Every structure is written in C-alpha cells, then in structure tokens.
Amino acid sequence: MSAPQTSPPAAPGSPNGAGHPSGDERFALLDKTIRRARFAQDQLIELLHTAQDIFGHLSDDVLIYLARQLRLPPSRVYGVATFYQLFTFEARGSHSCTVCTGTACFVKGADDIVRTVSDTYAVPPGQTTDDGLLTLATARCVGSCGLAPVVVVDGVVHSHQSSESTLEAVRAVAEQAQAVEAEG
Amino acid sequence: MANRRARPNGLNVTIDGVEMSAVEGESVLDVARRAGAAIPTLCYLDGLSVHGGCRVCLVEVDGEHAPRLACSTPVTDEMEVRTATEAITEHRRIVVELLFAEGNHICAVCVSNGSCELQDLASEVGMDHVRFPYQYPDRAADASHPKYVFDPQRCILCTRCVRACAEIEGAHVWDVAARGADSYLVTELNLPWGEAPSCTWCGKCVTVCPTGALAFKGRAIGEMEHDTDLVGFLARARTEGEWEGRS
Amino acid sequence: MSAKPRFATVWLGGCSGCHMSFLDLDEWLLELAGRVDLVFGPLTDAKAFPPDVDITLVEGAVANEDNLELAHDLRANTKTVVSFGDCAVTGNVTSLRNLDGDTDRLLQRVYVDGPDRNGVLPSAEGIVPPLLPKVLPLHQVVPVDVYLPGCPPSAERIRAAVEQLLDGEPGDERAYGIRFG
Amino acid sequence: MAKTIDLFQVADEELEARSRFTCRIKTCASTACLSAGAGPVRTALEQAVAAAHAGHDIEVVPTGCMGLCSKGPLVRAEPRGASPTLFEQVTAEGGRAIAETFTGQRSEPDVTVLDESIPFFTQQRRVVLKSAGKINPDRLEDYVAEGGYRAVLTALTEMTPQEVIEVIRDSGLRGRGGAGYPTATKLGLLADAQGETKYVVANGDEGDPGAYMDRTIMEDDPHRVLEGIILAAYATGASQAYIYVRAEYPSAIERLERAIRDARRHGLLGRNILDNSFRLDVAVRIGAGAFVCGEETALMASIEGKRGTPSIRPPYPTERGLWGAPTMINNVETLANLPEIIAGGADAFASVGTGSSKGTKVFALAGKLQHTGLIEVPMGITLRTIVYDIGGGIPNGRSFKAAQTGGPSGGCIPAAHLDTPVDYESLRALGSMMGSGGLIVMDDTVSMPEVAKFFMEFCMDESCGKCVPCRAGTVQLHELLGKICDGKATRADLQLLESLSWTVRDTSLCGLGQTAPNPVFSTLHYFRNEYLDLVAGGR
C-alpha cells in the first residue's frame, strides 16, 4: 500500500465540522449522510456504502475521514471495511464482467466461463486488466438460478451463457469503448 | 444448617474425576486450573475479554454433543468435565498443526525460541510433525517502530495484542483486517506501526504475544521473553482499585 | 542369522547440524558401532544407498532433485525411516526459500544480484542438481515412521530415540520428547 | 402524525377499483424475469394500452415472482369473468401483442401459453408466497386488499401477547432458516427476557449459493414480512426491529424501505399502532457481502457496524444481543408465516405438513431440471414429486444423480432416497438438512468430489477467520479435495480428509465451520467409490 498519509484531515472542531480540507465537494455529500445518520458508530457499514457510491472506491483518505467523523479508531474502520467483500479499495475498470458462481451456475459450467474470460483478457478473477479496460469478478449468487449460468456485463444480465456467448458480450462492450476512443 | 456444599450458592463440579466446589460465574477453565488439570490455552489471557478463537481449551462436558470451550463456558451444578479424552487430544493436535501449517513458524530462527506458547503447545499435544502441507504465506515484517518489531509470519491471530491495546491501554492501535485465511493484523489504517500516531509505546501488545510475532527490537534468536501476567495484574489493579488503598 | 542391524544416516537439504549433534554422542558412538553396521552416510564411502537397511536417520529437507531421488531410494530400502531434525520434519530454515516461491528469481538474487559473487548462475550438467519448485519436509515425499524434531535434536534425545529403535519399540516419543527449534 | 388506516375500507375500495378493469395484465417484475428481459415487456404492454387509449379498461400490474423462472419473462392476463392465461418467454413484441389482444385489436397473440395445470403449479401450496406474483409489491393497498394486516389488527385488539405465542406454538411453526428451532419457544424466550428495550431482527441475509427464497419474499410481498415482524414484536414486547438484508438485493432493500414508509404513514408502525398502545419502529440494515453474517451473532455484530465475526454463546441473543439488550433473530420466511397463522388459525396451518414439520417450505429449485424456479410445497412432500413432477424431470436424456439441499451446510441426497419426505428430521437423518431452501438437482455428469470441493471453496472464502479450525481447516480441506479431484491423492490423504472434517465440525466456533464439512461427509457417505476411483490404489 502506498503511504498517502498526508496528515489526515484535522479533526473537525465539532463533529459537524464542514467538509474536507481539500475542498472536495464530494465530502460535503458524504457529510450530509453522516449527519442524517447522526454520527452513529453503528452506521459505519451504511456510510461505507454511501462513501463508495460517491467516490467509486474507498481510499485511505475517505476511511480516515469516516473514522474522524464517527470517532472510531482507524484500525477498526479499516478492519470493518476490509471484512466485507463489496467494499473495494482500488478504482475499477471501465467495464465489468461478473460471472455468477452460485451452485446452479456452477453445475451448469460457470467455472469454464470464468476461465475463458480470464485467459482471453489475461486478468485473474477479482482484478482489473492492466489497461483498466475490464474488471473480471465472480459473484456468489445473483439469485437468478433459473437462468443459469448467469453473467452480468456492465450491469446487464445475460442468461443461459456459454464461454463463447460471454466473450461475445464482453467483446461487444469493450470494442465499442475502443471504437469510441479511436474516434476521439 | 448442615449444608453439604462448601459455600452458599456453591456448585459441585467434577473435573477429570476430581470433585471440586465452584462458585456461580466461574468458568470451566477457572475450576479446572484449581483442580490441577492442564487445559492448554492460546487466545485466552487473564485480564482480557474472552475471544474464543483458538479452540485449544475445548473440553468434553457430559450431556453435550460437541466439545465446549473451557475459557467461556460457565460451570453449572453437577457438571462433569473431561479435559483430555482421546478425541479432545486429537482435536487439539490438529488445531495446533493447522496453526503451524498456516503461518511460517520456524522455531530455530525465532526470537521467542524457548519461551513460546505455541512451541510449548506443540510438545504438549504430541505434535511430532504436521500432516498438512505448509502454506508459506508471504507476509512482510514491520520494523518501522523504534522500539518493537512485528513479524506477521509468526502471528496466530489470537488478538491478545488487539485486546490488550483496546481494553487495557485504551488506544486501539491494532485490529484485524480482511477475513478468513487472508486475515492479518493492522495498526491504524494499515500504516507502518512506527507511523501510527495513536501508539503510546506502552508495549502491552508485545508483552502479551504468545509467539514471536511481537518482540522488542534488537532481540536475537531465543532472547525474547514475554510477561503475560502483566495485563491480568493491571486489570485487577484497575477493577479492584488496588492502588487506592483499602481499609 | 544374528547379524547386526544395518544402520544408515542421510544428509539431504540441511546444515549438517543434526549430524554434528549425533557426533556429540562421543563414546556412545563406540557402543553404537558395536551394535549396528553403519552402511551409508556422510561418514562412509558408499555411493549408492544400499539395500535392506533397518534404520535410516534422515537429516534435511527435500530441496533438489538429488534429494528427491535419494529420499525414494532410502525409503524403498529401509525398514524404519526417521525424520531427523527440524529440516526433515518441517522444512525449517531450508524451506525459507518457499516464501519467495520462484526458484529462478531466487537463484538470480543469490548468485547474480547478491554481493561478493561473480555474477553467474552455478550450472554443471549432472553435477549441480536442479532445485525443486518447493522445499518439502520428508514426509510430504515418502512415508516416515518416526519423527525426531529439534534444531538440532540434542545428543541425549538422539540417543534415546535410537536406543528405543534398536530395542525394537519404535516411535514412543515420550522417551525422547518433542521439541522444535 | 400518521393517519390510521381503516383496513376494511381500503380493501373494499381497492377491490372495487380492480373490478372496474375488463382485464388486468400482470407482468413479472422479479429479478429473474427482469434479467430475462421483463423490463421492455412491461414498457411494451403499457405503451400498447396507452396507444389504444385503453387505460381505463386495462390495467398493467407489475408483480413479484410467478414461480417458473426458467420460462420468464412471464405475463398473466386476467380478463374479468373469464379464465386467466399465463404467457411464457414473452418478448417486447409479444407483450404488445398480448395487450392488443385485450384491447380488441387482434384475436390472439403469437405468444406461447404456459399451461397452469402442470404439476409445477398444481403440486404447490402457497402460504408465504400467497400474494407473491399476484400483487404489486410497491402498493400497501394491494396487500391490504388480500387481507393484509388483519392479523395485526386481530392480535392488537383481541389477543394478549401470550395468546399470540400460544397460537404460534399450536401451529407447530419451526424456524425456516435451516435448523428448525421451534418459533414459539424463541418468542417465549424473548418475551420472558428482562430489558427496557428488546429487539426483533429479521434475517434476510440469504447467502447460500443457489437460494433466493428470502429475496423473493422481501421483493414480492414486503408488507407480509413487516406484518410478521409486527406480530413477533407484539408477542415479545420488542419496540425496535431491524431487517438485515444483503446489499446484493437492492430491489428488496428498496421495496422494504418503501413498505416501511407506507406502513408508518398509515399508522401500522410507529407509536400507537392501529390506535393501540403498542409501538414499534423498523429499520433496514444492509450487509456488505459476507455469508457468515447469516449466523445470528455475526449478524448482530454487523448491525452494530462491526466486523461480522460470530461470538461465543452463551450468552444467547435472547439474553444479551444487540447492544447488550435481549434480541431475537428470525429468518424472513419464518416471520412471513406469522400473518397467516394468526389470521387463519393454528389448526389450518398445522393441517399441512407432517407430525413434526408443519406448514410449507419455499424452495429455490435449480440445476438440471426441465422446470426451475421458486416453489412452495407442503412439508412432507417427497423429493421425487419435487424432482419429477414439479421440476419435470432431468433434461437431455440424462439421469438423476443427487439433490443438494442446505447449500454449503447441507448434503447430497442420492436417487435411493428420492422417496424421502421433505421434513426437518428426515433430511437430517440422511446427512443433509432442510437449510434455508436451496434445492439443486445434479445429473449423472456431475462429479461429487468436485461438488464437495465447490462447497468447501465457498466456506473457505466465507470463513470470517476468527477461529482456527474454520480459518485454517477449510483451507486444508479444500487443498485435500483438490488433490483428490486432480487424482494426486493417496488413501492416507482420504483418511486425513475425514479426520480433519471431524475436527472442523466439532471444534469450530459457529455454524459456518461446524457445518462446512457436511458436503464432504455426505458425498463420502453416498458416493465413496467416486473418491476411491480418484485415489491412488483405487477401490
């Protein structure tokens, strides 16, 4: 981990202290939710969700900020944030392919799909390609077992998938992006 | 008048066939230790809250279908406990083997060689070798603190340090991050320990560590000795006001 | 008929400290020499592991292809195999290289990037054995009958273990104790 | 201040309003059908109705799950005074055609009709899913029109809390989360607990891969869940409730939050519920991706904003739970049974099921079957009926190999036991468990050691790491299973697999670790030869 600990934001004079010294407007947005949660420490997980929605991922700066606002030890905030799978600490790729690996999808060959996408794009599951184009993820169960195997590409659910059809769907969004880039 | 029992509200508990009197609120471990039964412990430490993670103090209790934790199970009247049955011994050995396999415990080059609770426990449970493949996790040591060293290769995640820091010192520098086999200890926001502003340099975490994961800086192989009684002493002094003077 | 038990010691990937500790048995070694035939070991001239060995003490972890071959050989030709010392039992210091994982990178770091080296990888076909991808304790490679951990096991513990084996009651660790490090 | 709802008046008005439509077209808006393209279907239906200026005659109703998810998107047309028709695999084009049929613009849509007299539908018995797929889950009035919240009214005005518990005891209801603990006993424990504040928690952290019963209940009929919570809180004297939902279920969260707002506005939550002195607040708490949070002590830690690690028991949650106060945790499906028990009576409820397992159970039926989807069946139904009648048998000419229930905590049931009745005790006797309701059917192409490895990988990934046997044991079990599957294992490895499995089962801190070896035990028990064939030396 890089050491971005430029000295953490000075403790706000009151818990209602306004914003972040950087002047980043997004902290004001986060503050609003923190106030609505009445600075309750037990709202940490909800606030981590909110922060991730706002910032895209949870940077050290954001975690420190939450720790200060909720008056929690930073190690505790870090421990909680890293415990839960849905929190992410690095920026995601511009496109995503999430393969459901629930039991129904497993029985119908989801592992082949993961392997194919992983091999084709040279990206291990759970990571983003070096060029930041694609994040390959697996999900425990998206709850559409009747449609197994299920793959979610850029938020769109594709049912009854095979390795080929998944690659096609990924290629469609990825190439579209490259085409746009080439034009621009 | 002629109360058969030793004390009012006293309980009769049998530990490995030895009849003991106990008081409500005592744990099986408390009573067993008085009875002289050698129940091993790792995460349990007098003075800290009960964690229940290491599982080596499991014992058999009559009428229970699965083993119970000695450190956290309160005694009840007429309870019968067996602390070292064949099944319990095998469970303990497997648990210790699992600990050796998941970290990088190389006694020969450890600061705590010779005064390590894990090393002693291995002998105690008859672990002459580890049947499971070693995992060789890649964990970097943190020597950034001027006084102490943290070597996570020897960490068994017993959380004694976390609890000593949070409960006795009140600083909460340490916590556990991630989960499952990936769990690891962090200081503050995964900062190098030497840069953690909340650390008071009190060293309680170091004194309570059962292995060589936390040590005083500059100690060579076999030179580290821990003082695990310290936090129990401090906790008692605090709750019983031992420095206030008693009449 | 009443031939003496055939006794061997083997030195795989280890520092020879366990053999040194064995030598610390001093005059008892003379007694041992009277009770066994020493048929193989760093102290003998034998090139190949002999057949029909009764007891073999194996020091060291399985670290390269020669170690691996010898481990299989000794197992095939020994009645009672003793994992002798921490390297054989756990991998110990020898296995520290497993933390890095990649043998090529390891050799590069030690022989090329490291100080006081002439910057070449050691290589001599048929003489320098290739490293295994991972160092393994002996029992991960072949079945082991008796474990005698310690770094090294003290002379007294070695004697207790060997005497027990010679007396034909192998593997009761209470006699020689378990101690790592 | 909330205006208290008049349940009877609202129901009457709602039914009256419905009767004005010549046809009501219900379109499934559940996650599965949306995944299959139900969104554009609904738009097409609405546009076609609008284009024909038929908004007064035809109502398009977005509903919850209609059940047969593998045939989605599903649309059901219910013309007044005529029998309804269910359409399968409807496209946007098909949706338009269906709407146009009922606006009189064409005689018959070119869309496949799904016969509702097939066993998939007729063998079911819907109690918890009574209104799912029939009502618009976003409208409180829809639920009220189905008789919703009458149980709360009855309880608050005619019954003491103790009487509510007694009725539930007589019904024989047991926890639907897996273990089958008698619900009334749990309610009794909380009712007897001393504490200024008591908490009721609805556990909607359904994490079994292949299970989506609770999600469906929460999405399709959120008010039923709320009504169950209110009843449980009234029976136990709790004044605050939480619904813990996985973050992976955004639409369940959204619908529950809307339901809570609506209920509060209508005097069904808050102070003086239905003008009685009883008060209750409900809040949704969101998980963040941790299967272990389905375990009740871990769930409570998570609600408190902490790492979701389980704690040792005792103390039990009913003694010391959330923030140290007495707390009761029930599965969502368990709570959703309560309104029907109070409204319909204990006897009616207990008339369904077996001696020890009363009522119905919702299953997510998946795997190698003709028909997969969400089903609710009477307890005691045989697996054979579920697999061959409801599920329509195994496709592609393959044969049945095993049914997996209970997810990563459960086991596989082989063909020899297909006639086993589905109840708590029978499944446990087979080395499986009822579980929360995942039921996955495997055909003869599936390797059972691979299945065991799949579940072990799940447990390994989901282990919280607090206790050693689960944290490190699942890693070693997974490695051993991998070695076996790769054909590199020996008989000694197989022995080690078994003895480590016992230790992980007997020494782990919580249910996750204690049950993690179950798939190993069960596949070893029924399919040992598959293991032996993979191990050096063979059988």
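When the chains are written out, they are named A, B, C and D in that same order, and each has its own residue count from 1.
Going forward, a residue touches a chain if its C-beta (ideal position, glycine included) is under 8 Å from a C-beta of that chain, and two chains touch if they have at least 3 such contacts.
It should be emphasised that the depicted structure is a prediction, and the values quoted were computed from it without experimental measurement.
J.: Counting contact pairs per chain pair, which pair wins?
T.: Ranked by contacting C-beta pairs, first place goes to A-D.
J.: Suppose each chain is reduced to the average of its Cα coordinates; what separation in Å results between chain B and chain C?
T.: 35
J.: When the centre of a chain is set as the mean of its C-alpha atoms, what distance in Å lies between chain C and chain D?
T.: Roughly 58 Å, centre to centre.
J.: Any idea how many Å lie between the Cα centroids of chain B and chain D?
T.: 40
J.: Can you list every residue of chain A that touches 2 or more other chains, as numbers and ranges?
T.: Touching at least two other chains: 76, 79, 83.
J.: What parts of chain B, by residue number, touch at least two of the other chains?
T.: 131, 133, 176, 178-179
J.: Go ahead and list every pair of chains that touch.
T.: Listed by label, chains in contact pair as A-B, A-D, B-C, B-D.
J.: Can you tell me which positions in chain A touch chain D when the two form their complex?
T.: Spelled out, the residues of chain A in touch with chain D are 40-46, 48-49, 76, 79-80, 83-87, 101-104, 106-108, 139-148, 150, 157, 159.
J.: Which residues of chain B touch chain A in the complex?
T.: Of all residues in chain B, those touching chain A are 166, 171-179, 186-192, 195, 198.
J.: Could you pull out which chain A residues touch chain B in their complex?
T.: 1, 3, 5, 60, 63-64, 67, 73-79, 82-83
J.: Taking the touch rule as given, give the residues of chain D at its contact with chain A in the complex, in rising order.
T.: For chain D paired with chain A, touching residues are 31-32, 34-36, 68-70, 72, 207-212, 215, 247-249, 285-291, 302-309, 364, 366-368, 372-373, 404, 407, 438, 440, 442, 446, 454-455, 458, 464.
J.: Quick check on the complex: what are the chain D residues that touch chain B?
T.: On the chain D side, the touching residues are 290, 307, 311-312, 314, 460-469, 471-476, 479, 496, 499-500, 503, 506-509, 514.
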